[in-house]
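Shared between the two complexes below is subunit A, which pairs with subunit B and subunit C, respectively.
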Partner chain A sequence: MTVFSDALKVSTSGMRAQAERLRYVSENIANADTPGYRRKLVSFEEELGRDQTPGAVSTGPVSLDQTSLDRIYDPTNPLSDESGYFDGSNVNLLIEVADAREASRSYEANLKIFEQVRQMSSALMDLLRK
Partner chain B sequence: MYDSLDLFRVSSVMARHAGAQQSLVATNVANADTPGYRAMSLPAFSDTHRASSGIGLRMTRLGHMELPDQSGMPRPFAGSGESAPNGNSVSIEEEMLNAIEAQRQHNQALAIYRHAMGLIRTSLGR
Partner chain C sequence: MQLPSSFAAQSYVANRSATAPGSDPSASSYFSALANDFATTLRQSDETAMAAMLGGTDPHTLVQSLAQTELAVETAVTVRNKVVEAYQELLRMPV
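Coming up: the complex of A and B.
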């Protein structure tokens, strides 16, 4: 039985990590037009610890994308310098949408596995019923 | 009592194998985006079962010594699949296939178990 409960815990951790990733993606998209915003990146790592389930996954520390910010020409903007440019954000919407797709695909895969493990353990329980 | 009957023993080992395989699939899918993770899987049940039965000590009395690894659970190994640029070798499609395979094997094992139980019930006349 512990195999099944471990598997359920691991797929739950996967879903949680993907949901967190999706949260950062939405944060990036929301701030796509914020001047000076750098997109947030989050990485996955295997959870290693004494009381953790082996194989569970969690999100690592957030880092900021260090690519150069977009230079936008708009002399009427109060943020612009003498030459009429100001720093935009370095969010690329195309990348964010692709990232969101990948996250939701992985989330669904985890959900499928969760359902299947549950079916297997309930089939085992059905043996006891009779 | 059930362990001593071969039919029960084989089916329960088979179900345990399917459970372990499913748990590995869950780990692989959860780590589908972890950089540097290698997908793990178990060798097929038919191979490991054939290898584990036959050799090994037989216990015919309670006083006989028990081997520490009598469960016969094989060790998981990392597959040699192609890996993504970040060093991850999990393919979700393949994991789906493995998961279905494990579920079918589990259902099969449980069906055998149930059938054997029915056989005993019939012979007892209940």
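Coming up: the complex of A and C.
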């Protein structure tokens, strides 16, 4: 049974990692209009610890996108400097939506694998049932 | 050729030990380990379900451990059915 349960564990870790990624994407979208906000980037890394399942994925440390912030012209804003500009966020909604779509597709792929493993194990048990 | 009935009785007694259940310690320990493993899986899924309801773990862990338990229960039930079936087959044997 260990092969099947390991496969279940690994695909679950994939789903969890993609859900975590979607969480940061939603954070970026929610803060798209926050002045001075830098978009968060999620990294993925393979789990290699002794008590973890080998081959499983988990999200690593979050890093901030270091591209320059948007300069927004709005002299009425209290944050604006002498020239009337202030720093917006560097979130590009198009990129965030594409990222969200990618996370959702990867999630679906892991879900399919999960289903497949369950089907395989129950098909194996069907052999004994005649 | 006429065989004395005592000869038949003697050979029956001599061969009787073959039908006695062997005292193989590895088989019993194997089955007890299997049962323990099964119980641990059930307990783990119970704990995970409880933690998920209390907001302790994420739903992914819950689904994974429930699927794993389903797998274990399915295996156990199938093996038990097979054992019971074999036993009934023995009972039906004409003596």
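Heads up, the rule we're going with is that the second predicted complex is superposed on the first by the 129 of 130 C-alpha atoms of A that agree within 3 Å, B and C clash if a C-alpha of one lies under 4 Å from a C-alpha of the other, contacts with A are read in each partner's own complex, and residues count from 1 in each chain.
By our rule, contacts are C-beta pairs under 8 Å (C-beta built on N, C-alpha and C of every residue); 3 or more make two chains touch, one makes a residue touch a chain.
Not measured: the values here are computed from a predicted model.
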With both structures lined up on subunit A, is it a clash or a fit for subunit B and subunit C? fit
Touch test for A:Phe4: subunit B only (first), subunit C only (second), both, or neither? both
Is it subunit B or subunit C that touches the larger share of residues in subunit A? B
After the superposition on A, what does A:Glu45 contact: first (subunit B), second (subunit C), both or neither? first
On the A-aligned overlay, A:Arg118 touches which partner chain: subunit B = first, subunit C = second, or both, or neither? second
Subunit A as apex of subunit B and subunit C, Cα-centre angle in degrees (nearest 10): 40
Give one of first, second, both or neither to describe whether A:Tyr85 is in contact with subunit B, with subunit C, with both, or with none. neither
By how many Å are the closest C-alpha atoms of subunit B and subunit C apart after the superposition? 8
Residue by residue on subunit A, keep only those touching subunit B in one complex and subunit C in the other, then list them. 4, 8, 114
Can you check the complex and tell me which residues of subunit B touch subunit A? 15-16, 18-20, 22-23, 25-27, 29-35, 37, 92, 95-96, 99-100, 102-103, 106-107, 110, 113-114, 117
Listed in rising order, subunit A residues that touch subunit B in their complex are 3-4, 6-8, 10-11, 13-14, 17-18, 21, 43-46, 54-57, 102, 105-106, 109-110, 112-114, 116-117, 119-120, 123-124, 126-127, 130
Tell me, which parts of subunit A touch subunit C in their complex? 1, 4-5, 8-9, 12, 15-16, 19, 114, 118, 121-122, 125, 128-129
Subunit A partner, complex, touching residues on subunit C are 58, 60-61, 63-64, 67-68, 70-72, 74-75, 78-79, 81-82
